[in-house]
Each structure stands twice: as C-alpha cells, then as structure tokens.
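So, here come the structures, one by one.
Heads up, the next two complexes both have chain A, just with different partners, chain B and then chain C.
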Partner chain A sequence: MTKDAQETQETRETIHGVPEMLGRLAWRLIWGFARIFSIVALLAAWEILARSHTFTPFQLPALSAVLERIWSDAESGDLAINTALTLYRALAGFLISAVGGIAIGMAMSRNAAANWFFDPIVSVGFPMPKIAFLPVVILWLGVYDTAKVTIIVVDAIFPVIAATVIAIQGVERELIWSARNMGASNRQLLHQVILPAALPQIMTGLQVAMPLSLIVAVVAEMLMGGYGLGGAMMTASRFANSTSVFAGIVEIAVIGYVLIKAMTVIRRRLLIWHPEANAPATA
Partner chain B sequence: MTKTFIRYLPLLLLAVVWEMAARLGWVSSTALPPLTDVVRAWVDMLFDGELLRNSASSLYRIIGGLGLSIVIGTVLGISMAWWKPVNVLLAPIVEIFYPVPKSALIPVTVIWLGYGDGSKILLIFLGCMVPVTIGAFNGARASEQVMVWSARSMGASKLRVLWDVVMPGAMPELLNGIRTALALSFILLVSSELIVAQKGFGYLIGSLGAGGSYDAMYAVVLTVAFLGFAADRIYLAITRRTLAWRAMS
Partner chain C sequence: MQEPAQIVVDHISHLYRPPRGREVLALDAVSLEVRQSEFIALLGPSGCGKSTLLYLIGGFLPVEKGEIRVDGKAVAGPGPDRGIVFQHFALFPWKTVRGNVLYGLERQGMPKPEREKRAMDFIELVGLHGFEDSYPSQLSGGMKQRAAIARTLAFDPKILLMDEPFGALDAQTRGLMQMELLRIWQSRPKTVIFVTHDVQEAVYLADRVAVMSARPGRIKTIVDTKFDKNDPDIFKNKFFVEKVDEIWNLVKDEAIKAQGTRSA
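Entry: the complex of A and B
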C-alpha cells in the first residue's frame, strides 16, 4: 500500500459517522426506488393504455376497474369463499403429495422390491404431461373435490419422489458409517442422520411441487367448474366479463406469490443449521 | 436386453392388470376400456388422419411458443446478468411474474387472441419464458469472473467475451431451464386445449370424451403422455451431447 492510499484510507475512517450513515440511507432509498420503479411503471402503463382507448375495455380493463372489482368481490364474500376453496384444494393435494412422495421415495431407497416397482413408473411418469389424464379422472371420480385433489396429487407427487430418491442417494456414506459405528439403530439412523442430511434436496422437490399444485388446481377448477378462483374466472370469461377475468388473475397471482414466499421462509427455518442458510439468497 | 426387460417389467405388469381388470369386469368398461381396444382405436385414428391432423396443430403451437420463449428468454436472462441497469429494470418484473400460476392466463390469452393458435402460442411463450430467463440469468451470473477478466485482459472485446466465455458458461443452467420449460409447455398446451380449442390433442380428448368413445379418448391421452416423455428423453440426449465438452473439466 502506498503512503497516499494509506492516507485516504485513514481519512475515510475518520469520517466514519453521520455523513456515511446518511449516504447509506440515500443509497438504500435509491435502491429501493429502483426495485419498485419498473413495477410501478408497468402498472401505470396498464392504466394509461387502458384509459387511452388503444384497446377496448374488453381486451384490457383499467387497473382501477380491476381493483374495484376485487374490492367488491371481497365485500360480497365471494373472494373469501373462492380463495379458501382453491387454497384448500391446492394445499390438500400438496400435502398428500409431500407425505406420499417422501414415503415412496424413502421406500424406494431402502427396499429393492419397491425400487424395482416404482423406478420405471417414476422415470416414465415424471416427464409426462399428467394433466392430460384430467378427463380420465373426471370419468372415474366426477367433478368434485376428490377428483380435483386427485389430479393435483398425480401431478405434484413425482417431483417429490424424484427429489427424495436423489437426496437419500446423495447422503454421504461416511455419515451413515459413523452413525452405524456409534451404534445407531435403523430408526435413529433414518430420523437423525439420513432425513436431516437429505432435507435440502427434499425441500427443493417440495418447492417444485407447490407451484405445480396451484397450476393444476386452477386448471382443474377451470375445466370442472364449481366454486374456486379458476371456476370463477371461467364463468366470467363465458359471460365476456373481462374485468372479473383480470381480477381473477391478480387474485391467483397474489396467492401464488404468498405460497412461494412461505415455502422460502419454511426452507430457511428448517435449514437454519445448514450452511446454505448463511449463503446469500438467489432470486 | 434382459436387463431392460426386468427394469420395465412393472410397466408391463400394469398393462396386464389393466387388460384383465377391464376384460374380467372388475371395473366398468366405460371407466376403463381394455387396453387392446385402446390400441385398436389408436390405429383407427392414425389411419383416418384425425390423430395426425390434431398432433400437427399441437406441435406447431408448442414449437412456436417454446421457440419464442427460448430466444427471448435467453436474451433477457443474459442481458440481465451482463448489464446492471437491465437487471434493475427487469428483475422486479420477473420476480412478481415468476410465482403466477401460468394456467390462470388461459382465459386472458383467449380474450386477446381468440380460440385459435395465437392464444396457445402466447400462453406457452409467457409461461416458458420464466424458467428460461431464470436459467440463463443464473448461468450467466455464475460464469467465472476470473475467466472473464483473463479474456478481457487478453484483449477480447466485451461482446466477444459475452459470446465466447459467458454464453458457454451459462449453458448448463440455461439448458436445465429449457428442460423445465419443455415440460411446462406440454402442461400448458394440453390444459389450454382442453379448456378452449377447436383442434389439437386437448380438443380431441375433450370431444372424444364428450362423445362417449372412451377407448379413443384413452388412446389420445396415452399418446400425449408418451410424446411428453419422448420429448424429454430426446432433449436430454441432445443436452448430453452439447455439454460433452464439460466432462473434461
């Protein structure tokens, strides 16, 4: 370090105080503004485009009209019922897939017969567009909640199974050997060594399954009708009520955002002991 | 050969159980027509051209939507990683668009572009752009800074570095993102065609089901499922080739 550089370093340290704090604050403000700038611009563009009559209100209802519609849905109670039903179906399907997927994945990695039976089914079934089986599910189970939850499980269980199998395969042999060496029983080994070590990848599988559950829940509701956000959007679009269609998108988008954020939070909580919790979060 | 046979034996067993369940009347044959009838219906549809006509329009939609999303998503993702201002502008939009269940856009694409190909291509494009963009972004951002610096110091122009260093570095993650997009494109295609369409696989499934010819409906469902599976396998084989150079490192 030259003498000059050393001096600047020192001066910098001496003004370490109020000005720097202000500077940091200003920087944070600018950064925060930049972060929401494009979203605000997008929303403003939506409103302006809609009001400028470039598009008909059918093609693009104004943002203010859409928000008003959401508000009136909320007041009449429809929003609460539809949201609750969609959430209930998506979450029920997700939970069944999570429990079932982890169980099947564990069985596959511990039992040769289970592996022999499920492996080809998973490797062929995972990349298939299982949503195509929706009409078959309707044929078997009708159009009510059982059918909707079933098609969600059919779609969402595969990523969980695959992630569990890969996760357990990836557990370091040394960990298992040392636990065995110290006299861990099968049960202890599973609960205290294998599952925690496999948890990060299993969580990744669950994080794939969650948005998938919601996508399929919406499609199932659109196709089978009845209450729920997807069904409400379909009814609105049949009556050419595009304001309600856009309102539906905003509502479903908000639910999707909340669920995905919740999964991230749960992941951070569960994996707080894991090195990745300290790593900077990626987008 | 025997190994493959033993490996895929469970699938064969399932097929046999299916056939028996239908033939022996364990379940009603409307709910589950015998597999042999399904195969016969499939052959019939193949010869009268119905299957080919509808698969052509479905494939056209997938190729159109997925192709657009790959080109535009790659450009967006890499620009976001390479130019800070682009990132500041686009990252928040990607972040709020990412968790939207894309199937919610089906009615809107219909409002904008009608019942034909346009609305399906737009839907697939919008849905698939997200995983491609994120893959390209993560890949390009992770490209080794040391490599970029060395290339720069050896006199490569910025664009040259982008093309010769950042792009290959971003490949694995980008190709992974495209694989996700490929699977998503089939899901979106079939859902949108089931809900509103006048041709395509989803339409065919819906109209056959409504007409009560369940053996033909099963045939189309299995065809779509198989095509999705085959597309993934073919894609994987191509990716392995493309990334063969990485095996050296």
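Entry: the complex of A and C
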C-alpha cells in the first residue's frame, strides 16, 4: 500500500469511525451482559428470595446486606488482611507446587531411577484425597503458615507432575531429532526444545493446580483456624454471624475467578505462538 | 563410478520393535552407495523401511547390523553434516520463521550479525521474504516446508536427507515445491537422499532412483534417471515417460505385495 492510499483509508476510518465505534461498543455491552446473565439472575434471585421472608435473615441474609458487610470489612481493614493471608498461602503453595512439580516431572521423564521412585507415589497419590494428611501435618508442623502451605503443596503438586510427565512424553520425536541434527546438547535440548514444546500441557496442569491451591488454602484455614478468609468464615459461623459467612463465600468466589482469569491471561501471553492464541476466549 | 562414494550403506539390517506385538524386520541387508552432489531417490511402497534407512543414515536410529559410512567415517549419531527435512516439517512452533532458521546457526556459534544475515538470505532463497516474523501456525503447509528447508540449508549440511518432504502438501503446491527444490539444488549442489513413494517425483528430481521392495526392505533395482530436468515440456519428454513407466512397473508388484501383507 502506498502512503497516499494509507492516508485516504485512515481519513475514511475517522469519518465513518464514530457511529461504527458506538455500534460496536453497544454490541460488546449487550454481549458482555448476555454472557454474565446467569450470574446476574442468580444474584437477583438471592436478593428477592431473602427479602420475601421465605427465610429468616439468619438462614439467608440479603445480598445487599452481605455487600454492606464486605464494604465495612474493607473499611476496617479486616478484608485486606484476610484476603492477603489467604492469597499469600494459596500462591506460595501454588508456586512451590509449580516449580517442584515441573522439576519432578522432568526428572521422571529423563531419569529411570527418578521415574522408578516417583511413579508409584504419583499413581497412588494423585487420586487420593490428600486433605486426609491434614491431621498429620498439624501434628508435625502445627497450625501456622508452614503447615497450611505444606498441605496445599501436598495437594496441588500432583496435577503439575502428571501434566509435565505426559507433556514431555508427547513431544514429537521429529522436533527432538531436528534439534539434535542442528547440534543441540542434552541440556540445550531440554531447555530449548523439550520444555517449550511441553509448555501448553504443563500450563494446563498449572491451571488445574491454581484453583486447587485456593480450595485447599480455604479448607486448611477453616480446619486450622487463625486469620484468613476460611478462618474468618469459621469464626463468623461460630458466632452465628451468617452475614459474614456469606460475605466470605462472595469474597472467595471473586478471588477464585480473578486467579483463574489471571492464569488464562498468562497462558495466552506464554503461548502466543500456539494456534489457540488466535481462538476466541470464553468469559 | 570412478569417484569414491560419499555415503556407503553396507549390509544394513534393522529390526523394528513396536511397543506391542512382534518385532518386524524393516531392512534386510541393504547396501547402497551415493556419490557426492548426487540426487538419489529412495522409492518404495509404504512400510518398506525407506524412512528407516534415512533415519539410520541421519544417525537418529542406532545402527545394529551392518555399517554406514559418510566420508569414510562410521555414522554414530546425528550431526550437522547431514541435514534432515521431515514430511511434517518439525519446525519449532514457538519460534518464528527467522527463529527457526537461526537455531542451527546459533548452535554452531556463528556470530550474531553474520547469522542474522545468513538466516535472511535463506528465507529469501525459499521465497519466504516478508514472513520471517510469522509463527509456523500462521503459515500454509507449503510455506512451512519452505521454512523447514531454509532452516536445514542454512546450517550448510553436505548431505540433505529428505523424508517425503512434499507428501503432506496438495498437488499444486507439491509441483511448485519440486521445481523450487530442483532450482535450489542446481544453484547449490549437495548430496540429496530423497524418500518418496511418488514415481513421477522421483524421476523428475533424482539422478538415480533406488526402488525398494516391500517388507523386509531391500533395494530391488537402481534406475538411472539422469537427464535434462530443465526441459519445460519434461512431463511429455519420451525419456521421462519411459522411465516413469519402467519404475512404476517395478514398484507396482511391491505395492500390491505391501497391501497383501498389511491386510494379512
């Protein structure tokens, strides 16, 4: 395209641009609303049901009351402390699971001894409900952060290991041969070819580990007590403070959604080369 | 045949061991000599072990019985003296065209300005100018194979091993790519071993066509197909038509045999 032609096109775009842009914006808003309709309907039903006196406010506090409670918690600083603690535990557990899981998965794929040692542990450990170790973790490590992060890692590391092993097994033989052909050493092969080729599936494992970390963080807080969203909910429950219990549920739902969205964004960034990067995203 | 052969395949036998089931004799005492700058096609029905032979020469599979020598030295593993091009391209999908072509040059420790220039030269040679920053997932099959050929040519192997490189392309693209390959080969002669099951492709491209038998793979005959490939009417050329016919008759029986063993 010549410079002139480019300019003409640009002018044309500015002339026709304004109504077109508004139209597109309107569509996006309508679509955006349509996509979250079910959530909005659920929240509206909650509010209407709570106000209809079918339940007592103790059984089901109104959404508006819950939002007010969240707001006052935010103002008092409790919300920030509890959210920060839960997020810190969940993310610390997630990061340790990510690094450890990828390392163990790589070792299992590359080394027969590591595979011999870890494979039975993964086979038995993956399907088992690891939260059963919680009493043991309490006995050994107490009820503070170390214990909470440990039980998160015990849970979240398995999907990362499994995804890494399967991902590395699935790397095409031809890719490895090509790299060897061009003179890649074993180390270079691992870092420059096998890991990037395995990344899409490893990311899938991490996307499973992330919500798992949050779930276990909240459960551990509920069972071990102390600050944090889970702990605050249990305390509220003991004091029959149902508005605060429901506030906790809303907060955890929002955090979970944000974390999963963040993982999706990271995935798209890292896998910009992947055909899926051009595919439309879901809500 | 007075010049010594560059590649000597000496009584190579190879057992294929599938993860489940019985092992199969893929190659049975195959011998072959390829001279420098010669373009030889390995032709045979699917499953005759022609790709296996190529992978053995490339050093990707271990030689178990017999010996393969390149320039007098026994092949013990892959090396940049023997560049390979695969049917399904095997480009690194996380690297752009440029990144893919650069990879081999980086491994050879070529200084940056030099390798950047060399990469662009080869991208241009295969006609991918303007697509150097595209990822493989954004390219058509023919363009992917051009990129893969550029990547392999760029690190300047003495020998080019091509494993049905145009087998995954549509007929028109395949025809164009054959012409391109011939043009590139004529401008920078290299020893080429070209695996295919397409008789016309083999006669059009190669100086000699080694016809392989159905499993276990053996070299049945070698047919001389050296003539002027720049003839614009080559496909109507009497010599071309006769050679295609001759080789097709040799391959036909093997193809039927291969079908039989498969369904058995």
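Here, the second predicted complex is superposed on the first by the 244 of 283 C-alpha atoms of A that agree within 3 Å, B and C clash if a C-alpha of one lies under 4 Å from a C-alpha of the other, contacts with A are read in each partner's own complex, and residues count from 1 in each chain.
By our rule, a residue touches a chain if its C-beta (ideal position, glycine included) is under 8 Å from a C-beta of that chain, and two chains touch if they have at least 3 such contacts.
Bear in mind the structure is a predicted one, so any value in this text is a computation, not a measurement.
A.B. asks: Overlaying on chain A: chain B and chain C, fit or clash?
C.D. replies: Aligned on chain A, chain C fits beside chain B.
A.B. asks: Considering only the touch criterion stated at the top, classify A:42 as touching first (chain B), second (chain C), both, or neither.
C.D. replies: So A:42 only meets chain B here.
A.B. asks: Using the touch definition from the top, say if A:62 reaches chain B (first), chain C (second), both or neither.
C.D. replies: Once the two structures are laid over each other on A, A:62 reaches no partner at all.
A.B. asks: Go through the superposed model and pick first if A:253 touches only chain B, second if only chain C, both, or neither.
C.D. replies: Once the two structures are laid over each other on A, A:253 reaches chain B alone.
A.B. asks: Hey, is it chain B or chain C that touches more of chain A?
C.D. replies: More residues of chain A are touched by B.
A.B. asks: Should A:107 be classified as contacting the first partner (chain B), the second (chain C), both, or neither?
C.D. replies: In the superposition, A:107 contacts neither chain B nor chain C.
A.B. asks: Taking the superposition as given, does A:189 touch the first partner, chain B, the second, chain C, both, or neither?
C.D. replies: Touch partners of A:189: none, neither chain B nor chain C.
A.B. asks: Is A:223 in contact with chain B, with chain C, with both, or with neither (first, second, both, neither)?
C.D. replies: It touches chain B, and chain C stays clear.
A.B. asks: Looking at the superposed set of three chains, what is the minimum CA distance between chain B and chain C in Å?
C.D. replies: Least C-alpha distance: 16 Å.
A.B. asks: Residue overlap on chain A between the chain B contact set and the chain C contact set?
C.D. replies: none
A.B. asks: Okay, in this complex, where on chain A does chain B touch?
C.D. replies: 34-39, 42, 58-59, 116-121, 124, 127-136, 138-140, 211, 214-219, 222-223, 229-230, 233-234, 236-237, 242, 245-246, 248-249, 252-253, 256-257, 259-261, 282-283
A.B. asks: Chain A touches which residues of chain B in the complex?
C.D. replies: 6-11, 14, 30-31, 88-96, 98-108, 110-112, 134, 137-138, 183, 186-187, 189-191, 194-195, 201-202, 205-206, 209, 214, 217-218, 221, 224-226, 228-229, 231-233
A.B. asks: Okay, in this complex, where on chain C does chain A touch?
C.D. replies: The touching residues are 55, 58, 60, 77-80, 82-84, 86, 88, 90, 92-96, 103-104, 107-108, 135-137, 151-152, 155.
A.B. asks: Across the complex, what residues on chain A touch chain C?
C.D. replies: 172, 174-175, 177-184, 188, 192-193, 196-197, 199, 271-275, 278
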